[in-house]
Structure formats: structure tokens, C-alpha cells
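Below you'll find the structure I mean.
Chain nomenclature is as follows: A, B, C and D, assigned in order of appearance, with residue numbering initiated at 1 for each chain independently.
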Amino acid sequence: MGNSFGTLFRISTWGESHGGGIGVVIDGCPPKLPLDVEEVQCELDRRRPGQSDITTPRKETDSAEIVSGLYEGKTLGTPIAIYVPNGDHRPSAYAEMKDTFRPSHADFTYQSKFGIRNHEGGGRSSARETIGRVAAGAIAKKILKLAGNVEIRAYISRVHTIEMPPLEHFPSLDEVEASPVRCPHPPTAEKMVDCIKDMRKNGDSVGGVIECRIRNLPVGLGVPVFDRLEADLAKAMLSLPATKGFELGSGFAGTELRGSEHNDRFVNKSGKIGTATNCSGGVQGGISNGEELIFRVAFKPTATIIQKQATVDKDGQETELMGRGRHDPCVVPRAVPIVESMAALVLVDHWMRQQAQCHSFDFESA
Amino acid sequence: MGNSFGTLFRISTWGESHGGGIGVVIDGCPPKLPLDVEEVQCELDRRRPGQSDITTPRKETDSAEIVSGLYEGKTLGTPIAIYVPNGDHRPSAYAEMKDTFRPSHADFTYQSKFGIRNHEGGGRSSARETIGRVAAGAIAKKILKLAGNVEIRAYISRVHTIEMPPLEHFPSLDEVEASPVRCPHPPTAEKMVDCIKDMRKNGDSVGGVIECRIRNLPVGLGVPVFDRLEADLAKAMLSLPATKGFELGSGFAGTELRGSEHNDRFVNKSGKIGTATNCSGGVQGGISNGEELIFRVAFKPTATIIQKQATVDKDGQETELMGRGRHDPCVVPRAVPIVESMAALVLVDHWMRQQAQCHSFDFESA
Amino acid sequence: MGNSFGTLFRISTWGESHGGGIGVVIDGCPPKLPLDVEEVQCELDRRRPGQSDITTPRKETDSAEIVSGLYEGKTLGTPIAIYVPNGDHRPSAYAEMKDTFRPSHADFTYQSKFGIRNHEGGGRSSARETIGRVAAGAIAKKILKLAGNVEIRAYISRVHTIEMPPLEHFPSLDEVEASPVRCPHPPTAEKMVDCIKDMRKNGDSVGGVIECRIRNLPVGLGVPVFDRLEADLAKAMLSLPATKGFELGSGFAGTELRGSEHNDRFVNKSGKIGTATNCSGGVQGGISNGEELIFRVAFKPTATIIQKQATVDKDGQETELMGRGRHDPCVVPRAVPIVESMAALVLVDHWMRQQAQCHSFDFESA
Amino acid sequence: MGNSFGTLFRISTWGESHGGGIGVVIDGCPPKLPLDVEEVQCELDRRRPGQSDITTPRKETDSAEIVSGLYEGKTLGTPIAIYVPNGDHRPSAYAEMKDTFRPSHADFTYQSKFGIRNHEGGGRSSARETIGRVAAGAIAKKILKLAGNVEIRAYISRVHTIEMPPLEHFPSLDEVEASPVRCPHPPTAEKMVDCIKDMRKNGDSVGGVIECRIRNLPVGLGVPVFDRLEADLAKAMLSLPATKGFELGSGFAGTELRGSEHNDRFVNKSGKIGTATNCSGGVQGGISNGEELIFRVAFKPTATIIQKQATVDKDGQETELMGRGRHDPCVVPRAVPIVESMAALVLVDHWMRQQAQCHSFDFESA
């Protein structure tokens, strides 16, 4: 309860930043999917720390092992367990956090909820937990690719106040990966890198916005009324550490339009019904309409800063805490593959649900 | 699948805008809760059409009957079924929509997904479906009130481009209900009403933003990692018709702050640990921290407008459709009790989950 | 929680023997299924009291109304709500049960668990609750019939100590319905009827065994490891009031065989792989193997007897209680359609799950 | 889907007899439970092969590692992952099973369902899968012990046709473990051992019955109507490999009693309400009544026998298969800790559910 996600393609993640490792179990994966551990590792490498000079210099190899569910390069339809052992951690770095709560971290709430916590690292609230999501997401992305050439592309559209101009085309993976900040607009990307470096110099941090676009989706994914496609995407995104908002299509800005401006009129696109505009963001009535799916996710600035901050200890005594260690001044670039992974998980799950309800039986020819 | 919400306090809604009625089944409600049907009816009255001159003049009485789970004014712990019969509907009003898809409605996606739809009214995508949510939400709100004086207050903070100034205090229900637009800032409310009336005159529509604040929440609600409190709230809100976005605390604007500005430092509030600021919006690490919970929901302008719009029919032939009928030029005021209801459902569910995991056993005295 | 059953084809039942009525919501039903309320009513009529002189003379009409999810005789893919209003009940008949617990009834445990109960009738533990299951089961049976001519036939194989000889053929519905006791072996049926009448005369009751056989099932239904087909069937059956046991294929008797006697060797049946014997009861490794599925369910004698019984009241004072009213001396005949219904619900659910996991994607031609 | 069990205390098992290992993730475990890996290992040792001369001589060390969820000897409330690496396996032993289906094994159904299978060992249908259940069960048993001194004792009551006389007392663990066959009646145990050795000599196998008794359970566990305690126990037991039946209390034999004989009258037991007899087996109306919970599970004879058997290959060609290898002629003794584990999982889950629904709120003092 709480550590599983999905209905039919269901993942369960486990593991803390300390302890033996991090992992995920995927239950419900279709059989006969060709799969190589390299495909998983490749996505983990996009997520891991230390990949560029704007991320934390902490080196984590995050090397994945698939320990079940695979046979001769194909999935068996049985649970796929993926295991990433933890490397060394340095508990001494966290000694002073034992009794003192870091501002805007999960220390206080975990302690209050569970009555116990591991102060050595973030425990379960650490971003390391997302390793399991990315490993599972790599498999979900592969399924979508094979099933219908569905492509999921996330990228950073804003860091702090530096915003990318609207992107006319669907960016390639290369365009996104060209900059360590994963913004496909090179001049903006450069400014973002400068901003992040500047923050690091000052021991401060920044947040930003990730935009995600998905094309080649079939019509019909999403189940009204509670499991609308956008509802499940919103949950997926807000389940990520450091997220503060989600919007689909026109989003918050769309609330400033009139209905006559916002409505997406239907048109015939070479024999296929589509819409002339896409304020809907690819979803209508909770169901994908075949247009590009577009959403954005807000990430707050990283809570860990290398500055002295006022706080209290577990007895409520006011005190100060000096952040240290090797942290990302901006986690948003590393969150790009995580956002893609969560989107892929939602989509595969809904694909299977759509198949189950609407294509299990053929009553018309019966 | 798809029509149920919640884990332990679980609702299942059913019913279309046509057909016999609309209803909800609540499974898992605690026993011995004093409950009167009037408490449910009272919330339904806040939701129903025809309550003021800025909503649709359609009269729907929406009279609720509790048909199970109650005995001598108290809940039995067994499923509570609530039934609201449909009044007359006028199918002829929808005849031309049989083969033609209304822009930004769910007609096209429902037809594509299910291969069948009822064109007489919105069917399951109609806002009438939310009746079941509001009925269940009335019960959840009562539980929260009795359990810890938890108060949930939603109100409109923006209509179209008309925005309320930041609200310093927690508004009373009377302040919210004082205006038909449910904005607790009277000068702004007045402008909003004018705006909506103006839209109606032009056969157009507008959207807006609902802000929701919750106080007296205990620390500890929310289950990392996937069922974080904000993740479940985001799903709840994006499962509502016409929503395009959700943000918690600092939200999208918070991404423009630095970590040193955004972090909420802990302070001792008369013996209780709290935070000096509330960028977090009352949730840290996915768990409530005892501060006010604050979130906002974006509603797009109503898709139904009384204008001629270009569209296509089911064969892809381009055509035009003239909206008519009696519709809300702005559904946001009526969505206020719905937002409160969904929030209440999430909170009761997490309260019970917290109790189950963290207070079922006492190992320390064992 | 607790009042829903199924994963993809999911039913939620509600209602007590007192109160407004009894009902069920079916979520996940495939769209475009032709459905007439008569098909549901027909199964309810097999379940209802008063249908013959060996059941309770209580008359309950149990008239079903489908209030959502249907349009022009076809399912919409949205929740199907079915409502059966309660007729008159006679609370005075139950006055003495307010503070005194009937032996082997649910009075004591409901009171202890919930701290409240409705003593007027059995409340939620009443067999009336199964009305919702039978209504939903009628739809599931129709789906199976249309999907693959799957036939489910339950019948009584034993009443008290009167056992039917092994049945060589798959009995027709007419054979089962020929006797009010629903045993397809007329000489045995006659003895069973006599036994039940005899029990009624003595104010006593008897139990029995229902056997259920299902043919034309596809190979592949059932999900290892926890949702094996027989595990879900066992849960379904033990969720019925008055059941004490479940066995599949060779069952308890099979434990007395050696492996060399019990193994079902595979044979080629006109081009199809089958088994020469069927100790497995149609399931191997938790998955249907295409042979006839056979299971049996044990029903204890009805707890209500028209005799004076020693018991205690809510304060633990020993007292006596005289059963009265109009009750079945043997509920097993009326349980036949209920067993069929629960089996149908399990099978449709697993059919959809099989489709979802194993037929949503075709990686081989990709 | 299918590899998880439980609602609030939820386990997900993974792993095949080949591949990297076997494991389990436990989600929802209460925090602050004192736990040592030895407590888990101890139960695994009761389950593993090679523990006596009536089990397979295959040596499997089955050494457990707890890789998450634990800190300084206490649970954190986060997922507990337990990992048991696989030792050497000998794929060559299985070469001939690649294209030929072993009678009464899961080879044919797995191949038909998934279109792929690992023929090297039983894959997911191997009894090795139950390692994860036993590891999780060890934790559940500890919780029950600490929470209320709840004791779960399973033992063999029958092997083939050798039946133990009724046991008057609740047997101690030592009594059960005194014989390798885990029957607490020494003279019967001796005969059972002889029978099993005899079967081994003949290359044949036998099944049997496990009885399980549970004492000190609180009143109130179990959720009507679908999640009755006995329904969840039945599912738990029928989800075990090789099981063919489940019965509670009087079970199948109880169907031969009259109501007047079967009813358990209530009595005052030193101030506590109890029943004079226990045909109910500790459950009434789906809810525990505070009496001893008693159920029995039927295990068929092991499918693997060391004899030549007729079967077919994947093309339907009739052929023969000679079993070999080192297998248990009777798996029932090793199933004893597995039955206890599954029972413990069901009970902890229902304990938490009971707490959640009935003790989260106190409306009476509000």
C-alpha cells in the first residue's frame, strides 16, 4: 500500500538510500517482450548522479541486474525483479541530522508518521527511490515503442525564471540530450547551465518545469471517471519527489481563455478525425483523442542548500543546521527520464485496461 | 475499475445524465457515525444547477435517498448506497449530436473507446456524475469535522482574468457563500459575476481557478512513495470534468524561487513544531506536516457554448454544430463543493490508512 | 473494501434485509453487450424464496431495475447499477433478537466488530445480499455464453446424507430445474425433497453439497501465483453465507490416491491436447487447461431452526431463544444459481485479465 | 496482478526456480517492529528441502537477506525486501521437458497461456516460489505474537490414508516438530514416515491433509461480504501449489449434521461470551468470534513421480516421459510452515483493516 503503482502493469518499488539496495518488481508485464538489461541500464544512466558538471559530483554507478522474469532474452509474463545494489554511503555525513529536522525535507514528517526513521540519508524519501521507477519505465517505453511507435519526450522548459520559447516541433532525443540541462533549445540551455552553476557557487538551489510530449498514442486510453488519463498522469507526477504542480494542455493559462477560444474543433486529417488546435492536450473526457499528449510538471528548488538555516530539533528547541555534502543545485535535468518513465507506466497500464474492457469479447460477430 | 475511488473509504459512482438516476456506494465507512440525509442534501444543493442567476436555469432537484447502511440515524459499517433519481430530460435537445461530435466534449473519445455512446446528454461524462461524489463527500466532511475539527474550505480565486487578491485569513463558509460565484472577496466577486453574465449574453463561457485550504489536519497523513497526499489529491482533482491543472503550496510560481527562499524553516509554535512559512502547502515528503494544506485547481472554460462551431461527423465529414440548451457559462462556482468533497474523501481515506499501519499495534509496550 | 469482488469485471453489492433495497454496481462490463432486464430477472427468480414447497413460504418478488449503463438494449461500458427494492419486512418478528444472540448467526460477531447492528433481520449477513451477486452473475453468464459458448451448471449432489451417484454426463438446465431441489438425478432428488420436508416438520434444518461443472472454457484463464483460478473460485465460494468448504477436481478424496493414480496424462483429443482423466478438475498450475472445470461447495445446515435453543444475551446472561418465522429448512437448492453466478464472475474477470496481459500487444510481428 | 497478496499488509513475491533468486517485498508493515533476520531464516529452514530423510535430498540453503525496510533492528514502515539467491540448478536434468509436457504439472498451461516458458525447472510454478511467502509469514507471525499472543499451529493430520485421531489439545511447536512428518501424534507419525519411505522406494508419491489451529484471536476480524475471514483464508490456501481443497470448522462432514446438532450455542465463559461447541471453526458471518480458528487443507500427491508416464509433446504427438531427479515423495510436511505463513498474512491484514474501519475515529466521545 503506497509503494505500488498501476493496475495491470503494476510496479512495486523498495529500498532506501542506505541498506542493501534499491529495486522494483514489475507484475503483469506481457510475455515474449524482447528485453536486454542494457535497455534498462541506459535509462538508469540518464538518471544517475555525476553525469555532468551541473549535477552532484557524487558517483553512483547504479548498476542494474534483472533477477527474474526473463528467459533467453524474453519476458516470461511472470514478475520481473530488478535489483540495484547500493554503493558506499557515508553515514557520518548525516550525524547531525539525527535529532534535527532539515527544512523542507521529509525528516520531520517521516519521524512523526512512523515514530522512527533512518537519518542516514533520506531513507525512502531519497531520490534514489526513483531508480526502480526508471528501470520499470524503460520496459514500459519499450513496450509502447514496439506496440505502436509511441514516443515519449520530456525536456526542461524552464529553470528558475529562464524559459524556453515555445517549441514548434517534436524534439528528438538527441536534441534533448545535447545539453546537460536537457533543454532542446540551445541558447536557452546555455543560460540554464549558467544559472545552475551560479546557484552552486552560492550554495543555493533552483527548480523548474518539465514539459512532456507523447505522440502516436491510440485513441481510447483512459477510463472515466476516476481513472481518467490525466488523473493518473497527475498522480504519477505528483508522486515524484519535489513536484508541486501538474497541468495538461492549456493548463492554468487556459483558464484565461473563453470557451470559443479554447475549444478544439474537430477536423478531418487525411481521413482521420483530429483537432485543429490542442488546448485539450490530447485528452478529452479523460480519454486520449489521438492528438499529441502534452503536460507540464513543476519542480520546486532542491531543499538541500549549502547554507546555514534556522530549524528546530526533535524536542522543539530552535537551532541551526548547516547543509553540506554533494548535492544537485537543480535536480530537474535528472528528473527528465523519471517523468518519461512515469508517463510510460501510466500509458502501458491504460493500454492493457483498454484491451481488457473493450477488446476481450466480440459480441457483434457472436 | 475506473469508477471507484479510495482504498479504505472507497466510493463507487454510477449513473448517466439519462437513465434512472445517479448514485454512489460508499464502502468502508466507519460504524456509529451519526448521519442525517439532510447533511447530504445540503451539500447537493450547493452543487445543483439553478441555484442562482449565474448558473444554468435548468432546474434539477437532485433529491437524495440513503437506501442502505444506516440504522436509527447511525452508520452500520456496511455499504452506504445513496440514490438520486434523474428528473425529466429532453432527448430531442440532443438529436443533432447523434452523429456529430461537439468540440472539446467527450463525444468523440467515448464513441471511439467504447464503440457506442448515448448521445442524449453527456452520458457518463456529464457533470451530473459528480452528484455521487458530493453525496459521499458530505459524509467524509462530517467524519473529519467530528474526528478533529478538520475544516475544508474551497472558493474561487480567479474567473477568466479576474483574480482575487491573496487572502490573509481562513475564510468562513458564510463568506464563501455570500456571493453566487463563491469568491470570499466581495469586490472581486462582483466583477466575476459581471464577467459571467457578460459571457452568457455572448453565448460564450469562461473558466477559472479554485483554491482549497484545509486546517486542523493531523501530522502524518499520506503514504510515500506513490500515494503521497498530494499525489492522491492531484488525481482526485484531475478526475473532475473540465480540470486542466493542480498545484500545491507554492505551485508553479514556486519554481521561480531559490531554495533559500522556498524552504520553510521549522519553528516552535507554542510547543508544537511548525513552519514559519508554507511554500510546502502543508505536505512534506508526501506526508501532512500539520500546517494548512493549500492547493489550487484549474478549470477550463465550459465546452458548451451557444455559438455555431465547425466540427466533423462520425464519418469525418466537416460540418457545423449550433450549441443550444441551458448551460452554465461558468461551471466553476458549482465546482466548489465538488472540490471540497474530493479533498475530504482523500483525507478520510488517508486517516484510516495511517491508523491501520501506524496504530494497529503497540510493539513498545508488548 | 470487502463489498466488492473482481479486478476488471468488478461488482460492488450493497443493501440489507431491512432498508430501501438491495443492489449491485458492475464496473468494467464490456460495451455493446446485448442485455435485457428479463435475463437478469430470470436468474433472480431462480434464487428467490417462495418458489416451491420446500423453500420458505416468504414471498419476495425481488423485481430488478437496471438504472444505468444500458442504452437501447446494449451496455455502454459504464457502470451498470441494478436495484431491487425491499418489500415489506416485519421488524416485530425480530424484537427478541435485539439483545440476544442467535446461535451460529452473525449477530454476535457483527455486534462485536461494528459496535452496532440492525437486529431486524439479518442486516447485511442476510442471504438477501446475494441478490446483487445473482444479478451481476446473470450478465457474466451471458458474456461467457456469447464469448465461447461457456456453460456453467451447478446442481445439488448431496443433501444431509443423501448423495447422488456420480453423474456421467454434463446435465442440461432442464434436468437440474426438473426438481425443486435442483438435483439432476430424479430418484435421489425425490429422497432429498422428502428429507427437507421432514426437517421442516421437525423445525430442524439440513445442509448439503453443490457440485458445479463448467465446459468450453478456453485454456489459459488464471494468474499464478496468488490469483490462481481455483484460489479465486475458493474465495468466491467461501464468501457465500453458510459455506464451510471448497474442493476442486479430486478434492479431499484425491489426497488418498498415489501420484501414479492421480496424475492426468496428456492425450491428443482430435488434434487438441487434453487429459485422459480429470483429477485436476480443469486447472493445472492455477490455469485452466481446457478440460471441464469441476468443483464442490459444502453448505452447513441453516442456523435458523424452529426450536428452543440455549444462548446468551449481550450482557453474557444465559437465556433461551425460540426461533420462529418463515425460513428455509435447507437453503442449498436456492444457492445453486448463486454458485453459478460467483463462478461466472470469476471467469469473466480472468478472461479479461488474460486478454490484457497476453493479448494486448503482438511483439512478434512488431 | 496475481503475484501480490493482501490489502494493507501486502506481499509481492517474485522469482523462478532458475534465475538469480527468489524474493518478496512486504508493503505496509507497521513501523517499530523488532526484527532479526534469524527469525525469518528459522521459518525458511522449516520449509527447505533436505531437512530430513523423507524429503528430497536436494540441498538448498535458502539463505535470506533483508535488503530494505529495517534500521537498527526495527522496521521502518517502508517496504521490506527479502532476497534469497538461487543456488546451482542443473538445467540438463530438464532437457527432455522442453517439448514434452509432464502430466499434472503446469508445463502445458503455462506454455498455452504465456506462449513461452522456461522448461528448466518449474519456473514460477515451482514450490521455490513459496520461499517469499514463508519469509513474509515469519514477520506476520511475529506481529501476531506480539500483538496478542496469537498462536498459529499447523500439522499433518493425514498422509495418504493414514489419519491421526482427533487431537484434544492445542499442540506445541515441539510436538509438531518432533517427527519429520510434522504430525503431533507419534504413533501415527511413525506410520506416515513408513508410508512416505515406501512411496519413495516405488518411485511414487502421496498427498495428505494439513490441519491448522489458531488461538487467542480477537473477535472482529474479517470483512463481510466478500472478504470474509474464511474466504480470504480459502484463497490463501488454494493459492498454494498442489492444494485441492479447503474446509473450515465442521467442513464437508458438517453438511451431514442437522441444524440442531451443528449450531454452536453461546455460553458465558468466565465473563466472556463464547460458544459451547465449535462447528463454526471460529468464524461466524465471516468474522472471527474469539474461539479457536480451525481449518484443513487438502494436498494432492506430488505430480513428479519416478516412473514412466504417457503424455504428449507440444505438437500433440503421444510419447512417454520418465521422471527423474531428486523430488519429495510427499510435499505435505514441508507445506506446514507455508500454511502457517499464509494464515498469518491473512490475519495481520484483517487486523489492520479492522483497526482502520472500526477504530480510526471515536464518534461517541466527539
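Please note the rule applied: contacts are C-beta pairs under 8 Å (C-beta built on N, C-alpha and C of every residue); 3 or more make two chains touch, one makes a residue touch a chain.
All values reported here derive from a predicted model rather than from experimental measurement.
Using the contact threshold fixed earlier, the set of chains in contact with both chain C and chain D is A, B. Between the interfaces A-B and A-C, more contacting C-beta pairs are found at A-B.
Centre-to-centre separation between chain A and chain D, using Cα means, comes to 38 Å.
Between the CA-based centres of chain A and chain B the separation comes to 26 Å, rounded to the whole angstrom.
Chain A and chain C have CA centres that are 45 Å apart. Residue positions of chain A with contacts to 2 or more other chains are 1-4, 7-8, 13, 28, 31-32, 77-78, 113-115, 124, 224, 353, 357-358.
Residues 8, 28-34, 77-78, 143, 146-147, 224, 351-353, 355-361, 363-364, 366 of chain A are the ones that touch chain C when the two sit in their complex. Those residues of chain A whose C-beta lies close enough to touch chain B in the complex are 1-5, 7, 13, 101, 103-106, 108-110, 112-115, 124-125, 129, 158, 160-161, 199, 204-209, 219-220, 222-228, 230-239, 241, 243-252, 254-268, 271-273, 275, 279-281, 283-290, 298-305, 307, 309-312, 316-318, 353-354, 357-358. Residue ranges on chain A touching chain D, taken from their complex, read 1-4, 7-8, 10, 12-16, 18-23, 25, 27-28, 31-32, 65-71, 74-81, 83, 113-118, 123-124.
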